[in-house]
Structure formats: C-alpha cells, structure tokens
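Letters A, B, C and D mark the chains as written, and numbering starts fresh at 1 in each.
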Amino acid sequence: MKALVLPASGAPGFAAEVSRLAGTDVQACYACGKCSAGCPVSASMDYQPHQIIRLVQLDQKDEVLSASAFWLCASCVTCSVRCPREVKLAQVMDALREISRRSGVAAGQPRIAAFYGSFLDLVRSGGRLHELGMTAMYKLRSRDLFGDIDLGVKLMLRGKLKLIPGRIKGRHHVAGIFRRVREHEAGEGGKR
Amino acid sequence: MPRIGVFVCWCGSNIAATVDIGQVTEAAAEMPHVVCVEDNKYTCSEPGQASIRQAIAQHGLDRVVVAACSPRMHENTFRKTISAAGLNPYLLEIANIREQCSWVHADRVAATAKAIDLVRMAVAKVAQHSALTSSTSPVTRRAMVIGGGIAGIQAALDIADAGHEVVVVERSPTLGGHMAQLDKTFPTLDCSACILTPKMVEVVQHPKITLYAYSEVEKVDGYVGSFKVTVRRKARSVDESKCTGCGACWEKCPVKVKSEFDLGLGTRKAIYVPFPQAVPAKATIDREHCIYYLRGRCRICERFCEAKAIVFDQQDEIINVEVGAIVVATGFQQFDQAAYGEYGYGEYPDVITGLEFERLVNASGPTEGKIKRPSDGKVPETVVFIKCVGSRDEHKGVPYCSRTCCMYTAKHAILTREKIHGSKVFIFYMDVRTPGKGYEEFYRRASEEDGARYLRGRVSRVYPKGGKMVVLGEDTLLGRKVIVEADLVVLASGMIAQPDAQEMARKLGVSYDQHGFLTEAHPKLRPVETNTAGIFLAGACQGPKDIPDTVAQACAAASKAAALLNREALEAEAMIACVDEARCSGCLWCEPVCPYKAISAKTISERVGRRTLTRSVAEVNPSLCHGCGACTVACRDSALNLLGFTNQQILAEVEAVCP
Amino acid sequence: MSVAKTKPEADGANAAAEWQPKIVAFCCNWCSYAGADLAGTSRLQYPPTVRIVRVPCSGRVNPRFLIRALQRGADGVLVAGCHPGDCHYSTGNYFARRRFLLARRFIEYLGLEPDRLWVKWISGSEGNKFADVVREMSAAVAKLGPNRKVREAR
Amino acid sequence: MRVYSYYPGCSLEGTAKEYDYSLRALAPLLGMQLVEIHDWSCCGSSAAHATSHRLALALAARNLNLAADMPGGARDILVPCAMCYNRLKVTSAELAADSGLRSAVESDLGDKWRGAAITAKALPEVLLGDIGVDAVAQAVVQPLEGLRVASYYGCLLVRPPEYTGFDDPESPKSMDELVRATGATPVDWPHKVECCGGGLSITNRELVAGLVADILGAARDAGADVIVTACPMCQANLDTRQGLAGKTRGTDFGLPVLYITQLLGLACGLSAASLSFQSHLVSVAPLLEKVRQLGRARQAAGGEGC
C-alpha cells in the first residue's frame, strides 16, 4: 500500500468538515478499535471503521472517499453507542456518504449508491417509497438483474409488493424539499 | 541448669479439639529441664499471662515455652509477659501448635504426636537461649541531602522545617537540577522558574540549611544516626563570601563557551553563573576555558570585580560533616542520542532532544522563547516528535519506560501549537502512558484542542531532503508507511541514571539496579528507604519520575529522615550476628555476603605466650546488622553465629525432631 | 509413652502400613513460615509429616543443618524461602539457592537419594502452595521409603 | 381509549403490511385508537439520512409538522416502524438543540417548524409506558404458555439511547415483558441488538445472509420457537433471508419471525387471517400448531387440576 506523505497528501480542513457535518469531533477518536470490533459488517469492509476515522483525522480525503467501507455501513449505530470517546461514528459514515455523493467521487460500492438513488427518486416523485418500483429501478441501475428474482416473485405472491404506487397529495411539497436541499448543497459545494 | 516452664494453650477448642492437651502436658513434663507444665484455656488472655508470671516466680523459671498459636501472632505479647516477670524477653520460645498443627490436621493421634514434637523442639531450643540485649546508639541530629534538584530542595526544606539542621551538597555551581532548565511544566503548565526559584532562594535563606554548591561527597563512613561524610568543595576561583553576583566579571570576560545549561544552544563566559536566577548567585571560573589558567594572562575579571572576590589560587577544600540521616537526590541524566544514528542527532542540527526543546521555548533561553530551527533560525511549520527514544528499546537503549516523555511531548505539542500559528505537529508513539491525575486529560487536550496528530509507530529513519527533515515511520493502526516532511524533529529522550550513580551507591553502601538507579528497600512498603538504615531516596535517582512524583517522594524521604532524627537514641536489632574472635581467621569471606555492609575488619591484639600479636578479625556493626544470618553460613570457621538462631539452637531443634 | 508412637521402629507390626515419612522443614520467617501460617488460618489440610524449624532467612540455613537432619534419620528435608527477588533481606535467598544445589550433590555423594532434599520458594500469601508442597513432598518421600541407610549405619 | 396519531411509514404499506394489519386489529383490544396522519410522506430513513443530513431532517420534519396540524390537536405519534421512529426522534432532538439547523430545515421545508410539542413513540414504549403490562396481560385470552420467544430489537429501536431512551441499549427488556404478559417465556439470548444488516439486504445479499444466520443461530441455541420484532426491516430481513442464511450454514432454521403485534394478537384471540400470517416466507403453520397443542394440553391439565 502507498505511503502516506504528511502533511502533503492531506486535504486541509477535511477532518474539520467531516466533524461538522457529522456533528461529532473525529479528533476525539483514540483508535481503540472498539467500533470495528463490534461492527457487523466490518469483515466486508476494505477499511475498518477505526481506520476510516484515522484517515479522516489525517485529512486523507481522496483515500477515504475512494473507500467502500462507508457505503457498506449498515447504519446500525452500534459503534456510536459503544465508543468510549463518544465519537458518533455512524454519523461520520453518513457524512462521508454525503460528501462522496456530493463531490461525485466514484463510489466504492456502486450498487449501494444505486440503491439509495432509486429509493430517493421514488420518494421525490411519489412522496412515499414504493418498494416494487424501487426494486425495479435499482435492478436497472445496478445491473444486478437476476439476483433475488425468485424472492421478488415470492413476495408478490404473498401480496407483499404493492403493484400500484401510491401517490400522496403533498408530493409536490416533498419534491420541493428535495429541490431546495439540492440547491443548498450545490451552493455549499461551490463555495468549497 | 536451665529451669523451663511449658505453657500449653487450648485456644478454646481451636487447639484442644484436635490436639490432646493432656498428652502434650504429660510428654512435656518428661522433657529435659522442664520443671513446670501448665495448660490454659486462653494463654494470651490476662489470666493466662498472669499464670505464666506466677509460675515464673513460684518455680524460679528462667526460660519459657508457650505452645500456642504462631509466634507471628503473640511472640511479642509473651515477650512482654515474661519481661514483666523479670526475665529477659528473649528467653522465650513458641511452639506453633495451632496454625501449623491443630488447624491443618484432622487426625487427633497424629496431631497430638506432632504437637509433642513441636514442644520438644521448642524446649530443646530454649534451653540454649541466652539473654539478649539490643545496643543503642545516639543520633546526630543533622541530615545531609545530596543533590540540589527539586527533590533535594524539597527534602532539605521539609527536614529543616521539622527543626533539624540540613547540609545540602550540590555538585554543580547552582541548585535547581533539570527543573531549572524546563519551560512550562505539565500537567498544569505553570512556569518552571516561577515555582522553582522561590524554593531555591528559601534554601539559602533557611537558618537551618547549609548549602555546599559546587561540591561533592567523597566518602561516607559510619551508620544510621552517626554518619561521617567527607565533602570536597571544589575551587570556584571566587570567594563565595565576597561575590555579590553583580556580573561585572562575566560581562568583561573575553572567553565565550557553549553553555551546558542551554545544552550548547547558547553561550556563556569562562567566568559565569549557569543562568540568571542561579542560587547561590556566585560566579565560578571554568578553569578549562579561562585564558589565565590556560596561558597565564588575562585576569580581566579580577580587574572589574569591585568586591575583590576573584581568587585565582583557590584550592579545593575538604570538610567533614557528621549527620544522622542522608537523603540521596542526585537525579538523572538524559539518554545519549548518539546511539540512534538513524535519527541523525548530532549530525543534523534540526534534530534536537526534548530538553533542548525546553531551552528553545524558554523565554530566558537562547532564542528568548521563540521556537527556531537551530540550522537556519527559521520558524518551523511542521514539527515531528518521536517518543520512546532510548526507552523501551533493549537494542539501543534501556528496556524500561521513562515515564515522563509521553507527558512532556504532549506539553511540547501544546507549546508548539500555541507559539507557532498554523504549525502542524505529528507525534510518533508506541503507547501513550498517562497514569497521573489530570494526565490523560492533558494528553487529550494536546490531540483534540491543540491538534497534535498522534501516529502509532516507531520512526525508522530521519534524513534531510531539500531543507526539510524527512521522517519515515509507520502508522500501525492503518498498517501504512508514513512519510512526514518536517522542519524540526524532537526526540523524547529517555531518562537514565547519573553516570556516577553506581559510584555514589558504593560510597553510601546502598544498592542499585541493573540500570544504575538506586534501589528502594521495598517498592511498595518502603519506597523511600534503602536497605541501609538511615539513607533515604528522593526523586529521579531512584528511577524516572516527573516533578509531582519527585516532590511527593522527597516529602516522604524528609519525613522518614525527620522521624529518625527525632529519636533520642536508636535501638538496634537484638538478634544479630556475632563473631567468635578466637575462631575467626580474618578471611573476611563473610564480608561481601552481608547485604547491609555490617561486617568489616578490625585489628585485635592478643597475647600468645609472652608475645602480643595483632591480627585482623571480622567485626559486626550492631547498628547495621539486620540479623539475616547469611554471613554465618559463609564462615567456614564457624566463627559467626546468629544470636537467637544460633547453630547450636537450630541443631538442637533438628535433633529434637529426630531423636 | 505417647512420644514413642511417632517412631516407626517402635510400632513393629503396623510400621509398614502406617509408616509416614518425617520431614524437617526450614522456613524463613517472612515468607514461607508465614505461608505455612496462612495454610493454617485457611484450614488447609496436609499430612502431619513436617516439623518446621523457623529461621530468619533461607540464607541462614547452613547445609550442615540439612545433612545433620538426614544423618539423624529425617526422611526428607525441605528448605523454603521467599521467591527470588522478594527476600526480606534483599539477597539472602540467592545465596541459599546456590548452596542447595551443592548440598544436593553432597547428599548424592553420601549415597542418599537427592530427592530427599527439596528447595521451594513459597511466599507469605501462598498458603495453598505450602500445603501442596507438603503433600507432594510427603508422597515423593514416601515412595523413596524410610531413610534407613544412615540410621542403620549409625 | 387512548388516542394516538398514527404514522405507519412506507414499509407498512408494502413488505410490512401484516405489521400494519395486526396493529390496527390489536389496538382496540388494548384500548388504543389510532388516527393516521393525513397525507404523511416518507420519513427520510436509510437512503436519505445516509446521503443527506438536511434532506433527512426535512423529510421527517414535514411529518412532524403534519402531526402538529392534526384535527383534534397535537398528540403523541405511535410509530410502529423502528426506522421511522428513529428518524422522527433524531429529528425532534436535533432541531430542538440547534436553532441554526432549525432555520436551515425551515428554509428547506418552505414552512415553519411546528413539531416541537410532538413526541414520537415506539410501539413497546407505548404498550409498556402508556397502556401498561397489566392491561396487556388482561387482554390475553389465549395464554401462550410453553412457547419460547426470542425478542429481537435490532439496531434502531434502542439506539442511540440519548434519543430513544425507553430501554437499555445493550440489554433491552421491554419486548420481553410484553412476551411474558402473553404467558410465553422470553428467552435470554445474546443477539438482541446485533445488527441484521437490513439496509444492505437488497444490495449485499451474502453479507446480510451471514449476519442473519448468526442471529437465527443464536436464537435457535437459546431454544426459541419464534422470534418477535418491532421493526419491518428486521422482520423482512430475518424472514426473507432465512433461506439463504440457512444455505450458507447448511441448515434449515425454520424459525418464524413475527411482529410483536402478531404475537400479542394471537394471545388476545385474534384470528390467524386477521394477523396476516400467510404472508410470511418462513411458514408460521408449525408454530400455530404448537400453540394449539399447548392450549389443548393446558385445558387437559386445567381439567384435572382445578
């Protein structure tokens, strides 16, 4: 693995930005590893949760954003509730996904990004999530076409997948929320 | 013929339930020299003790055996009992038939048989007992403190405040030790000089304290309560009684040399005080550099000294001091970085030690407190600190942890970030050890508030590249190699023993560990005492420690010393070794065996026929002997014996078991 | 009288069945003697085979004492002191250690089983260990049988 | 009757519809009236909060505002879905604590924040705190004695405790108490709050199958007949991924995964049909059969005894 060249390879201010967005001080982490030890998905991650936070501490933005670990994070919050330094690591993972999405860095886990994208698209247009629609959209985006086909059929047979998407009256309000948040984020991104 | 009384205890049912007391008393009555046997329900109770006293009077007993609980429980009780009845307290023996018999055996027959054996052993031993008295010696009510760092200063002040005279011997021209070189001190970040200088001044002003600065201990004789110390007062070439510390001399002196106090980062003159607040504020001529001593001319200082204090032909002075107690506070020295060629200390000026860093940030230091690189005076932007340099490294350094460097590095990080706006601080560490009160918080402050970036791993190499120092390390938490391009590299050097610590230990007759630190008698129970009575330890001479621990230990040593000096006289151990001079061949095989240096040679004269011969024999100093008995085994001529545990007594016991 | 019962020779017929070794133990006052006391206060049971001779330090134990005990018919000798490094007198047990290595050789030279001499480090908090050592040693010495050699020679 | 605003959330319209049905059927038996929040929208869970903090807050805030506007006044919201519950709680707390964030969200909403007085409550919280375990026990007509039940809380019902706070985050007990009220035996097992990987169920099947297998294995080791949850994602995951999980371990777990409302409904005498057992992937039939047998055995024993 490549050597870290300090402070040169860091993006100054990255740690601070993540701390702000996540609402928790990443510098408080003393690298005890308790988060990684309890993380249900750490075995599948390319960087362990404590390593992610370590890279963040050292402002290693590019390397962090190229990781897939935070996309794999299941948001279970186990890490946050057990951290002795009260680092809200689950929120750090959220913040990294947010920064990654906004800065358009290729996601280490395109499928998950695709899944989130599909989910949000449906909420934006219908106000609520429509699971069948989401699954279909996700399959198209991720090209994960054949995985789970029989499961979908089973669910349909049991009446668990609603065929017709419901639409709420306030869907335009919801769409407006999406638009305003995006505009705000774009503005912020421009500033940075 | 001895007249022995045996007192067998029931201890309620504790003994009587398992041991047949009747059989024991019957058997005891048959044993040689036993003239009276009694049994008591509770021997240690007042009626029990009274019955012993009565029997002594009634039967004219001159020795007593109590068959009861462990001597560790009631030996003292019964010594007092027989003493009250007019017997020498050492004419007592205990047969332990409770802890070592009734409580560990269930079989009544076997336990009774064993109890009888134990009584027989005690009877056989006590028959050989003789009256013992412990000697007493007077106490010289004066203490000596060797070393005038914060440890010595604190100990001296405490002993003096307790009302005793104190003589402080400091080998450098000034008090203060390493603490005088520090800038701010963790964990409170108060300025070292601000808290130290008033104490230094207090030492010289204290009516009970005599300070011999620029002096060394040559020789220590005597023993607890009565040490005779020879001190060499080195010639300063300045009459201390006249010098006012005005500074006219060093202003005019033409010779500039590197200042030891500033670790070579600054300069001083050939006539100098180490630092402006030095105590005593007396000038000293460095004869190795003074032109007059080298070439026989100059004497400029003399011309400018209005006090006429310069004495070029001053000689070392030897003085003898008698003291009752000694506190050793000779401190530590920094690990020599030369071992770490890979870090380039000494080769690259921008690789410095932690102590040098202290001088760089110190407002009264060579840069007036501005952190500048030694190479070009530039203010560094990126500073790398490397911890455990020399410590925890068996290969190039010492195996132990130096205990202070984690904290002082955190302090250095805070000071760097405070003094250099926008600076970046990286700290390579193996562990962060912060076990003091408020210490972990202090370290967290360095890393959270002050933005020091801690990298877990040892640095492999430091080398220069384009005006920077490249630091090559590993972040073991990431499993990644790390390269930091630094402007200044600070090595947290370990604390090691003074170069002459072992020599000092030998002079004092105290022990030292494999690293040269002086050893305490017991790490938990006697942490400031040495194995030599009357000699106490304070500060970093005992092992690496920071100022709070140093001061705590100095206070403890002072109170131990003061308690000793408060005694009218010292009573020595009674059960000590004694030499049968008739048998002693003077070979002194016994001498090195004694852990307390209690044995020495003495010359005796005897009449052989008509001639008087003198010869050398071993002598045991009763004030020093602790009664371990090791020497008795070393003596091939059976000239040494241990009172209370003589060879005859022990063999009598053995024979009582195997009749 | 009752004392005689402890002597194996005196009991003639039962001697073989009831014979129990007799062990002389030299225990230093600060550690092993305290450990033996602790075994007592903890009511740990061990065979009634040992007789303890209290000494200030294992460094006080002259090899002559051991030899004498064996000569006089003790079946085993135990020397117990503080653990290395824990000596109350700082170095006594180091000397002891060296001496007993030599003592074992000497015993062998006399034609006795060196296993009749045991040296153990037992601290004041090791009541358990004291009891264990006595149990083990009693069993081991019992296996060697009575120390007839010197007694018969006497 | 206690009246609650009711926020079902998207899942209860789809994969978790049996949670919705069973809750609506159970509510009156326990003295609860549920008034669905008018025109509620997605709470912003998983995808939103995972990718945009502000979006997540705004989506949740919209629903809290709607609850505040309910005819009949602002009431506590009963939120059966653990994810929605978590989002609504976090949003209330963050907006209460940070006025800057509040005005940002208001600008995203294009509306004022009116949700300050609204409290979102999880189902176990309501049943234990408001209704009371005694009332639940009283409603039981068909005690489930002999049934061993593993309560699975998952992640978001009890975490993070500074926001949820009604139960111990590491060793929760609330559902176990409800289980006990039905007469069944709650089993003690170590995986009550282990994550099942729900959010990754669709995208990372194998990963999730492993997590699910661990949880099912632990429940089986504890001797559980059935797992109960109060989270649609947990239920869906443990149910739909049970086949794959079994395959990875070479076993058939055969552990039905019920909503706590389904178990309570069963004990309160609701029919299998009204509790939608047919829509589970892992068949509930053997469990129902066991409950019937236990009932019969009890009757027989009762006949002799009393």
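Note that in this section a residue touches a chain if its C-beta (ideal position, glycine included) is under 8 Å from a C-beta of that chain, and two chains touch if they have at least 3 such contacts.
Treat the numbers as computed from the prediction; the structure is a model and nothing was measured.
Per-chain Cα centroids separate chain A from chain D by 24 Å.
As a whole-number value, the distance joining the C-alpha centres of chain B and chain D reads 67 Å. Spacing of chain B relative to chain C, judged by their CA centroids, is 37 angstrom. Spacing of chain A relative to chain C, judged by their CA centroids, is 73 angstrom. Listed for chain D are no residues, as none touches two or more other chains.
Chain contacts in this assembly form an open path, with each chain touching only its neighbours along a single line. Applying the touch definition to all chain combinations yields A-B, A-D, B-C. Per the touch definition, chain C reaches chain B in the complex via residues 1-3, 5-7, 20, 22, 24, 29, 33-34, 36-37, 39-41, 43-46, 48, 51-57, 59-65, 68-69, 72-74, 88-92, 95, 99, 131. Listed in rising order, the residues of chain A touching chain B in the complex are 1-8, 25, 27-28, 30-31, 50-51, 54-55, 57-58.
In the complex of the two chains, the chain D residues touching chain A come out as 10-11, 13-15, 17, 39-42, 44, 46-55, 58-59, 62, 94, 104, 107-110, 154-156, 159-161, 169-170, 193-200, 202-205, 207, 211, 240, 278-281. Across the complex, chain D is touched by residues 21, 23, 40-41, 44, 72, 74-78, 80-81, 88, 90, 94-95, 97-98, 101, 109, 111-112, 114-117, 119-120, 123, 127-132, 135, 138, 142, 144, 147-148, 151, 154-155, 158-162, 166, 168-171, 173-174, 176-178, 180-181, 184-185 of chain A. Within the complex formed with chain A, the chain B residues making contact are 382, 424, 426, 444, 447-448, 451, 453, 456, 475, 477-485.
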